[in-house]
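You will see two complexes here that share subunit A, one where it goes with subunit B and one where it goes with subunit C.
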Partner chain A sequence: MESIQAWFRRLYDETGINLTIFYDPWDGLKYLKGIGLTIELAVLSVLLSLVVGVVGAWLQGVRFAPLRWLVYGYIQFFRNTPPLAQLYFFYFGLGALVPTTTNAFGLAEPILNNFQWAVIALSFFAGAFNVEIFRSGIEAVPHTTVEAARALGYSRLKSYIHIVLPLAIRICLPSLNNNLVNLVKTTAIAYAIAVPEALYVANQLWSDNLNVPEMMNVVLVTYLTLVGLFVFGVSRIERALHVPGYTPS
Partner chain B sequence: MTAVKRMAGGAVVLGLALAVAGTAQAGAVLDKIKERGEIVACIKVDYRPFGFRDPSGTMIGLEHDLVDDIQVRLTAALGKPIKVQRIPVIAANRVQFLEQGKCDMLMATMTDTPERRRLIHIVEPNYYASGITVMAKKSTPIKKWDDIRGQTLCTSQGAFWNKEYERKYELKLLAFAGIAESEQALRDGRCIGSLTDDSLAASRLTDKEIWGDYEIKLPTQDTKPWGLAVQHGDNELFKIMTDASIDWHKTGKIVELEKKWGIVPTDFVKDMHEKYKAK
Partner chain C sequence: MSGSRFFSSPRWGSTPRATLFCRDTGLPFVDLRWPAGILIVATFLLVAFNADAQSGAARSSVYAILWKWTPLLFQGFCLNLLMSALAMAFGTILGALLGLAQISLLPPVRTGSWALTQVLRNSPWLVTIFYIMYLVPFEVKIGGTVIPLPDWIKATFGFTLPVMANVSEIVRGAIRSIPATQWEAARSLAFTRRQTLWMIIIPQCLKRMLPPWMNLYSILTMGTVLANIVGVSESLTIVRDVLASERRTDLLMPMYAYILVWFFLYIYPISVATVRLERKWSVKG
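Here is the complex of A and B:
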């Protein structure tokens, strides 16, 4: 550990390449925590966006028209505006309107903090795409299969859960994974509302140490690694769910 | 092994070439300014009254007045009319912009630090100075610096005090890209106060409509000088800037500008004026 730190310190003195995260324990720990928060943000918003997608796709098929319009409006809003603008809108636009609690100093403080708003904004953003992706999968499930399920006595909800969704997920998995990979990368925009994830911490560090090119490279490698691991994971799932003869391998 | 050696050798040659190019450039930026008939200045527009926009969108402020003075000096020195192009910067990108040559000079409420001196050529004497304080709602019960220990404070990305204060007072800092976002977060109650520059806080508080409920909570500490900067390597331009800075203190120009922009006179400017007037 000591020798690694000494090596990076020497690297700085001799070449000017300043990677403080490898020799300054404070900076290193901060960056590690940043990566941790990026992962937390990614996992939570991936899960929530999947829930949004499944529920939204089901609501798109209900008989009650106003619900369908609501889903349609939601999709249009979130698909047609930039995620960064949405994040600002949630945090600064809506954030001030939500109820407040009183903190230790007796001052009003909004109940949702920046991390929670980031999870909400990211989930709704990716969720809008997920709804459409699930819909494409659902529509690809043969009508005859659905009718057979209904003939066997499945209700609409039960056939959705047990028959349609399992098949639809397998069909739309490739495009779903695409969207989720995008979502993992999009977590970086949370830096705009001061969520201390990897990019935010990197920004702080390069402001303190003025080692912009070095930290830019570190950030790039960090995301490459994180997204690489994620892609590896989802392709494993894709393979595990593969149904011979039904989905292309 | 040999490949590695060759690469290392290549890097050394490249480094030498860069070093030579660096020294051979004395006056290069000044020549460029003369050729273009224009100096490009990186400057702030989010820092009333040092740099901001008036209702018509024109960039004005104390620093803008000083850049205008530089323009006059350059016109005299180069013997042809020089225009000014202003590039608005924020704390998080100003040093990089100058370093990359996006602008020829940087005057952006920047504190003079050794780390920054490594990258850019900071002019002496320093033209201004400011310290750190906390601005918060009047009802916030903080009276001394120790009261902020462990609290959440708003600040802006790239401010030099962030790391030091985060460690010293175990703060949770919410750092935003711009000053406007940081202040909105303060008004929304995202933090108990804003960790900020005393000069900025004082000027904000003059706007009673928005900041009537707020006040400066703590005595200013860590007062540090601000630096005007150019790229390393052009000593002629650096000399013009140095002469300008000396002149500003000698003639009391900055004392006047403080008055013009309604800034509470700072000891730094007063002392510098006394010092240089005597010379």
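Here is the complex of A and C:
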């Protein structure tokens, strides 16, 4: 640990490449927390967007038409507007409407902070795609397969749990992964509402230390690593779920 | 019998779509439909009307304020369009070269261009924009003349990078989609590699590349609002400035909805054409 710090300090002295995050514990911890928050943001929005997707796909099939229109409007709106505009809409637009509570110092404080708004906005953004993905996956399960299950005595619910869902998940995995990777990349826009994630913290650090090029590259490497790890993870899941001999078209 | 009771077959309001994501770039397909436009306009009118009713006699109406700022907003919107057009033009030229480099016969060129494409494609757009904004100087000296580089030009370069990477993937995907037999047939007819590429492969690719390329443009046009974060006075920045100067919370929703309508009107024809072309040409492969 000491030697690493010494090495980066010497690097600065000799070449002028100032990577404070590797020798200054304060800066290092700050950046690490930033990365942690980015990961937290990504994980929470991925999970919540999956919930939104499942609920939305279910609502698209209900008999009550206005509910279906609502889901349709939601999908159209979130698929075709810039994520940044959505984030502003949630944080500044809806954020102004939610009630406030008083904190320990007696000051008014909104019940949802900027991090929570970022999670909500990102989840709804990715959720709109997830609805479409889940629905298309379920529709792609051949009717004959379902009929065969029924002929073998499966009830509606059981055939859904044992036959339709496992196949549908495999069919929609590629699109789902694509969408979730997109989501992980989009978390960077939380910068705009001052969520202290990796990009935001990096901005603070290069303002303090005037090491813009170094930190810029660090940020780039950070995001590439995060996206790379995520892609690796989801492709492992995809391979693990692969059924030999079954290639969904 | 339907597939399942929970997720019944599509009805109105859940029209099946050809594609959700672009095959080559993985970017979402912008698929606008007129009900969405009506929805946005209706929301805008409803919210503006509500806000108007609350504004009372003493204050000027929401519509009057929107009308007052329209010229300025239009200026900002034009900057969005200018940035998107320039970034698309540069990105297409550079991306086409990068895409061709990806199918080069020289391994270092192939690997290098592949790596560059992947890096630019997999980093968030905001990060590449920051990269260019902070690392490109505000003016460059060529010979004796000083050429100033205003913010919006730098942002345009920032947008050019991801566009370049995505165009590169579109080109590579299109060329790879042409069956290998075409290459072999051309070779047996004594075409050189360059002739094969220019006279046989690329003409067939153009059709396949057009829909994803147009979709990339739609995404880019919407993406230009990211320049707001780095302080370029494009439409979203102006919206926020106007809101700050008017200091009225009831103006917030109508203002954002108003600018969204403009984006909708601009992107709608492109989106419709993209989806139509995609559907028309995807059948033939």
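Following the convention adopted for this analysis, the second predicted complex is superposed on the first by the 229 of 249 C-alpha atoms of A that agree within 3 Å, B and C clash if a C-alpha of one lies under 4 Å from a C-alpha of the other, contacts with A are read in each partner's own complex, and residues count from 1 in each chain.
The rule is simple: a residue touches a chain if its C-beta (ideal position, glycine included) is under 8 Å from a C-beta of that chain, and two chains touch if they have at least 3 such contacts.
The structure displayed is predicted, hence computed values, not measured ones.
In the superposed model, A:212 lies in contact with both subunit B and subunit C. By the touch criterion stated above, A:114 is placed in contact with subunit B alone, subunit C being left untouched. Once chain A of one complex is fitted onto chain A of the other, the partner contacts of A:204 are limited to subunit B, with no touch recorded for subunit C.
Applying the stated contact rule after C-alpha superposition, one finds that A:48 touches neither subunit B nor subunit C.
In the superposed pair of complexes, A:69 makes contact with subunit C only, with no contact to subunit B.
Once the two structures are superposed, subunit B and subunit C can be ranked by residues of subunit A touched, with C on top. Contacts of A:100 after superposition on the shared chain: subunit B is touched, whereas subunit C is not.
Judged by the touch definition given at the top, the superposed model places A:92 against both subunit B and subunit C. Shared-chain residue A:11: touches no atom of subunit B or subunit C.
In the superposed pair of complexes, A:133 makes contact with subunit C only, with no contact to subunit B.
Shared contact residues on subunit A (touching subunit B in one structure, subunit C in the other): 92, 96, 192, 203, 212.
Residue ranges on subunit B touching subunit A, taken from their complex, read 91-92, 95-96, 115-116, 118-119, 137, 139-142, 157-160, 162-163, 167, 173-177, 181, 184-185, 187-190, 192. Contact residues on subunit C toward subunit A in their complex (touch as defined above): 1, 3-14, 16-17, 20-21, 26-28, 30-33, 35-36, 39-40, 119, 122-127, 130-131, 134-135, 222-223, 225-226, 228-229, 236, 249, 252-253, 256, 259-260, 263-264, 267, 271. Of all residues in subunit A, only 57-58, 60-61, 65, 68-69, 71-73, 76-77, 79-82, 84-85, 88-89, 92-93, 96, 129, 132-133, 135-136, 138-139, 141, 143, 146-147, 150, 156, 159-160, 164, 175, 178-179, 181-182, 185-189, 191-192, 199, 203, 206, 212-213, 216, 219-220, 223-224, 227-228, 231 touch subunit C in the complex they form. Taken in their complex, subunit A has these residues touching subunit B: 26, 92, 95-96, 100, 103, 105-110, 113-114, 192-194, 200, 203-204, 207-210, 212.
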